[in-house]
Amino acid sequence: MLPRMVHQLIQLALDEDVGRGDCTTAAVIPAGTQARAVVRLKQPGRVAGLPVVEAVFHTLDPTVTFHPLVPEGADVDEPAAVATVEGPAASILASERTALNFLARLSGIATFTRRAVQELAGTRARLLDTRKTTPGWRFLEKYAVRVGGGMNHRFGLDDMVLIKDNHVALAGGVAQAVARARAAVGLSQKIEVEVETLEQLEAALTAGPDLILLDNMDTETMREAVARTARRVPLEASGNMSLGRLREVALTGVDYISMGALTHTAVSLDVSLDVDLEPGPATAAAGDAG
Amino acid sequence: MLPRMVHQLIQLALDEDVGRGDCTTAAVIPAGTQARAVVRLKQPGRVAGLPVVEAVFHTLDPTVTFHPLVPEGADVDEPAAVATVEGPAASILASERTALNFLARLSGIATFTRRAVQELAGTRARLLDTRKTTPGWRFLEKYAVRVGGGMNHRFGLDDMVLIKDNHVALAGGVAQAVARARAAVGLSQKIEVEVETLEQLEAALTAGPDLILLDNMDTETMREAVARTARRVPLEASGNMSLGRLREVALTGVDYISMGALTHTAVSLDVSLDVDLEPGPATAAAGDAG
Amino acid sequence: MLPRMVHQLIQLALDEDVGRGDCTTAAVIPAGTQARAVVRLKQPGRVAGLPVVEAVFHTLDPTVTFHPLVPEGADVDEPAAVATVEGPAASILASERTALNFLARLSGIATFTRRAVQELAGTRARLLDTRKTTPGWRFLEKYAVRVGGGMNHRFGLDDMVLIKDNHVALAGGVAQAVARARAAVGLSQKIEVEVETLEQLEAALTAGPDLILLDNMDTETMREAVARTARRVPLEASGNMSLGRLREVALTGVDYISMGALTHTAVSLDVSLDVDLEPGPATAAAGDAG
Amino acid sequence: MLPRMVHQLIQLALDEDVGRGDCTTAAVIPAGTQARAVVRLKQPGRVAGLPVVEAVFHTLDPTVTFHPLVPEGADVDEPAAVATVEGPAASILASERTALNFLARLSGIATFTRRAVQELAGTRARLLDTRKTTPGWRFLEKYAVRVGGGMNHRFGLDDMVLIKDNHVALAGGVAQAVARARAAVGLSQKIEVEVETLEQLEAALTAGPDLILLDNMDTETMREAVARTARRVPLEASGNMSLGRLREVALTGVDYISMGALTHTAVSLDVSLDVDLEPGPATAAAGDAG
Amino acid sequence: MLPRMVHQLIQLALDEDVGRGDCTTAAVIPAGTQARAVVRLKQPGRVAGLPVVEAVFHTLDPTVTFHPLVPEGADVDEPAAVATVEGPAASILASERTALNFLARLSGIATFTRRAVQELAGTRARLLDTRKTTPGWRFLEKYAVRVGGGMNHRFGLDDMVLIKDNHVALAGGVAQAVARARAAVGLSQKIEVEVETLEQLEAALTAGPDLILLDNMDTETMREAVARTARRVPLEASGNMSLGRLREVALTGVDYISMGALTHTAVSLDVSLDVDLEPGPATAAAGDAG
Amino acid sequence: MLPRMVHQLIQLALDEDVGRGDCTTAAVIPAGTQARAVVRLKQPGRVAGLPVVEAVFHTLDPTVTFHPLVPEGADVDEPAAVATVEGPAASILASERTALNFLARLSGIATFTRRAVQELAGTRARLLDTRKTTPGWRFLEKYAVRVGGGMNHRFGLDDMVLIKDNHVALAGGVAQAVARARAAVGLSQKIEVEVETLEQLEAALTAGPDLILLDNMDTETMREAVARTARRVPLEASGNMSLGRLREVALTGVDYISMGALTHTAVSLDVSLDVDLEPGPATAAAGDAG
């Protein structure tokens, strides 16, 4: 059950690609031609996005049937068929590029996240995403992070308080900012405070938020922050995280590490859709062009 | 004048990030606080997306004013302020992340395209994008390619005929496929045919399309294809193009090279928005988290 | 800054009332007639909804100006003018009924909530709303509860986990249900468990949720629940709360009391809009009919 | 066949409650769990809204099946099961609160209307609703009035002319106002004029509208108005009608009585949905909280 | 104040014509070029649609200013300038064709209606439109009929009962059909019955509808119908009305004549928009092509 | 597979006609009545729009079944049944007028286009439509032109460059305008230039566009233009084309003739829907009124 915002993005995507109609297929493929097609990952990785691919085909044409060949979240170690689709050739060809573009990006994020999570094996730290997502893709990219084994930070500005330095400055201090937040928010909303120094950390610990974010600290300072906090409040490390640095940060003992690169730097996987059209044995290799 | 599909994407993006409202700012920032903020590129590159950034701020709050400090498409060689915004602090803070996410991605594509275009300097070849764009972002990513100096291939399935191998197989040959297309399409639509071998090229040259796409050919075969075509029809080279191979391909004499990586592999630039809130001198550094 | 869902409701409301146009005004009022009108509460209460009233007028006609005469959330102890509007008579008359219907309902909820909050004076308990809101009105009714001095429970199904008995049964026990929730949810989501007996309470205390809901307990059992919990986890009392019972429940020592009646039983306040049309001294009394 | 505006309200209602998804069910209920649930009225009343409840379930998930157990408009004199639903547990649980909130309100209005209609038994008067409906709910609330045995006044500003005192003042008198309306409206639109005194009634009778509204008259004056009108034009009584006063007004001989309280003061009925989940015998009692 | 359905049609129309943008103007006209243009009727007729033309320009670009040179509904006896627009050249050129297409059609309908109305001069009959309008244009075409001096029949299926022969057959007779309608409809809805013979007319007169429609009767029978009705109920003549037959029908004494041709056969007027671009004296003649 | 813009127009059309519901059928036809209906052309012509008719019925009620009796584009030389529909009587009656209004207009355009195409028999010229279409109907009217045997000119402002005189003036000449366009447009977009004189033609031939439009030339000048062009570039004739002049223009040797009248002057065909309702043999004749 995809939320409405995903269906809206799918519609937007089909609108932009199909527009007034697929003029090539309309001109060249005989009306009524049926087709069967195989969706493939062409490089190793973790599959994410099969329900979205299905929704793309069904949005354009509810009569197309979709059969996943591997479970969502499967790790495929060689190029592998991951799903088949059957139905009117015109519908499959018109949906192909949109469906593949979704699958490529989401699998790329899940695959990258999985690698990052592996870096944290054996540590206390859990890997979080951020709000540095592709506009319009918030739900899907956070979903792919979960498929990759990561954990979601807040979804948006409305589901958790995150007090940053300018909020603190305006409120007159960490204590006041947290107090104001505590008075204003609803029952369901947690309060997190961002700190850049150990002094700010002490103030935050006194104020009593639900979480504390250590922003752009060096590893040594983080270690000291963990010691001073002594598990009273969960700690999140953030700021310019790379695969190479993750383990070092995790070993400081923080509870969470957030990493914007999960969604803004992950590279799309290479995917393809090969079509068998009924009248002949032709197989389409999805080219780069057009 | 951005087209409606861009305004729809911006709305979708604000909906997902702002949702029921920015609970942190509502709780902590006093009502009526005004702010001034500077948008910065934190690494060298070509700026793309300033009109989108402006539209993001105006969609959330029409009273926010936006002032670009450099022209769209400017190359900034050092970290640089590219725009300022002024208005209600709550509006600026609620739009910040969405605006930055647009700017980071579009500038990343423009910067990468510029580098690719430089590879073609002095050759006949022009650089084209493909339909391997982020779903929902077709217009914007193709726009960023133009800002980077590239040329747009067809926008979608509806504005040009591109006959691929399965179309050819079903139609009974290149000649028949082109003939069908010629009979069916409107006055404005060009016809391009994809070929993988020199034999197919000969058939295509006879059929008389407006363009021919050389799909996944090695460099030597491309050179031969250019020779046989003898400028009768423009040729496009496509398939797994990388920065490193572009110049070699261009030197075969093809007219166009299309490259999916322009939009699916370009990396976002690092951007930030620093806020000055009226009552105090606090400056927000956009952290990674949440 | 009202969220999009409120603007959508306002549009829906104007669509249904104005439809193809106000045929009476079109027929009878001379084009170009300007008007000034006063919005009044005709009985004592707490004013809620002035920003919505303003948005209704501006949605129909951006040239209408709106001036609140009292702050949002003001308590007016006698019938009182709360705002004025000026602009084209046709626009004001076409928006009148919709604007008043919003104001009447929201002020009714705020007024009723204020009374309920007064019942809790001097106790530890804070008053919460529920999800028993008028479909389409979730944001506005929860807003009115805040204006009335209440606190919001979760907004919807997506911003907090609330484990009820059937969840527990399917999961195989309170411990397992809480554990599953802990593993699945994101950083921002709290976990609450509903219990109906003291045995379930003990299991819940062991499982370690963020909140525990005491569902339909009698007062004596609640008191015992408070004692056993000993402030380790905040407790919410829920189930058939009425104004008359609130204080008794609060005195058990629970942290929160949720009350569906705040939104589903509150009665609209009586409001009116009196128009002065330019050419004459006529004053419209908003009748009941049509 | 519900009109589009109802489907829009249902979508808005599901959007606000389900949002990014039901995180509790996603976390705790095993994927694929099927459920059967019973919808119940927990107090006596007239059932209204079953088609809306069905549409809510189908909007979220078209595979859920809905079986009414009583006809729409049935009077249930004891707590009674009114419908069953079957399908994926996740879909039923995600729709539950929205479906119940619709049913509770509409049945409340139908039940209240039925009582009011009973007051008029044996008199000439028919009971009308007004435009004092919950914004966004105009169609549904007027539908519930019909289910309760009432009659609908005009739907909105566009389907009948209703000339009020300020229209009269601006037009220069009742005769001129009616004449202007007669000249301007289309074939389908009736013209009603509001009068507050017997003098205005005389003027209205001369002007020849299709209906006359007696606004806020005392019972004695109404009786005189009925006598003077002598059935030449149907008369509607309006203004602060309560259940207690209805019969007295009806006995004056007016043709219609309109009553805003039908929609703005009716109290929701208490309703519930009890779920049987496949793996176990658990039954959910719909609590008040969250 | 145009209703929402008109704004939706305007948006649809701009979407289809402008799409991804006006590529000619983007390529050829220097950014920032301002223009002034004159809208002209190139043949005599009655001007209808100026507010729609204004809305088209404002929808695309709110900074364009629009100045009507004649009042809506003016009769221009020679080719004449009817409005000017000023603003960014790109906006005016992108809106031109859509704006003209609206004006041409609406003025064509108003002009044709005016001629039809002239045929009825001195008779009792008023001219009505029908529901044979261009899908999507119901409001605008009925508006143009009013501008031309005609009167609107019902807007759609929801604002008046019109009982046709199949309704009568199913209901078991005219009397039963009218009785059912009377019991079911709201206060605002009139009831009209269609009859094809004098026998049916007698039944209808007994049943007591608000209006009777004489469907496809010859002139002689109509005259007899008028005589038998004796003004007890207004009569509408309908069926294959042409300009040539209108007067003959009107002279039978019917009250209304409805004519589908007003909206489905009226021919667009010839209109043009001539642009003065700032840098030069060029004047665009709106050609037929593209 | 109709594009989204057509579904949007269908929805708009049903919204305007059905609105709050078909009050006649609701009142008079017993719930559950099934019906079978035949759609007929009542005059000779070419059938266009059957897929749209089907979509109208399915949009209102997916359970209605539609069976075409002739292929889309068939020429029927006598009044003929073209399709049947079966399903709930209420759904068929509520969709009837909208469905017929689409069919009548589209068949009218196809029929008129067919006649125009016949005028060109044996000549080189192909018949083109223009952008003088009914706003909102661009896709459908261009589709009907194809059904009638015509060819589509560009769809909108975004899919081809068409340089008109004011563009030329601003750009400083035909050569500069074409050069600018060539530099700016994407791979898929052709460039056409409009000329009014032979001198402009010479300039255009030098500039090298993909097409040249001869605007409002007399026949003799066109002939000379064809001679001078000598097939180097395809020529389109445009401006005030009528059926009577088409052949004369075609014989000049131009490649294309564009004709706005195809879409703005074509007259709707007369169509009807005759319903058989289950309980009785009544047959509805679609009257003109209401």
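Think of it as A, B, C, D, E and F in the order they're written, each chain with its own count starting at 1.
One rule holds for everything that comes next: a residue touches a chain if its C-beta (ideal position, glycine included) is under 8 Å from a C-beta of that chain, and two chains touch if they have at least 3 such contacts.
Here the structure is a predicted model, which means the values were calculated and not measured.
**Q** Which chains lie in contact with each of chain D and chain E?
**A** Under the touch definition, chain D and chain E have C, F as mutual neighbours.
**Q** Give me the chains shared as neighbours by chain C and chain E.
**A** B, D
**Q** Taking each chain's centre as the mean of its Cα atoms, which chain lies farthest from chain E?
**A** Measuring from the centre of chain E, the most distant chain centre belongs to A.
**Q** Quick check: more C-beta contact pairs in B-F or A-D?
**A** So, comparing the two chain pairs, more contacts are at B-F.
**Q** Can you compute the centre-to-centre distance for chain B and chain E, using the mean CA position of each chain? Integer Å is fine.
**A** Chain centres of chain B and chain E, defined by C-alpha means, are spaced 45 Å apart.
**Q** For chain E and chain F, what's the span in angstrom between their mean Cα positions?
**A** 21
**Q** Could you list which residues of chain A touch at least two other chains?
**A** In chain A, residues 5, 15, 18-21, 94, 128, 139, 153-155, 158-160, 189, 236 touch at least two other chains, as defined above.
**Q** Considering every pair of chains, which are in touch?
**A** The complete list of chain pairs in contact reads A-B, A-C, A-D, A-F, B-C, B-E, B-F, C-D, C-E, D-E, D-F, E-F.
**Q** Flag every residue of chain B that touches chain C in the complex, lowest number first.
**A** Going through chain B, the ones touching chain C are 11, 15, 18-21, 60-61, 90-91, 94.
**Q** Residues of chain A touching chain D in their complex?
**A** 1, 3-5, 139, 155
**Q** Show me the residue ranges of chain A that touch chain C in the complex, using the header's touch definition.
**A** 128, 142, 151-155, 158-160, 186-190, 211, 236, 256
**Q** Okay, in this complex, where on chain F does chain E touch?
**A** For chain F paired with chain E, touching residues are 5, 8-10, 12-13, 15-30, 33, 89, 93-94, 97-98, 101-102, 104-105, 128, 130-139, 153-171, 177, 180-181, 183-185, 189, 192, 194, 213, 215-216, 236, 238-241, 258-260, 264-265, 267-268, 275, 277, 279-285, 287-290.
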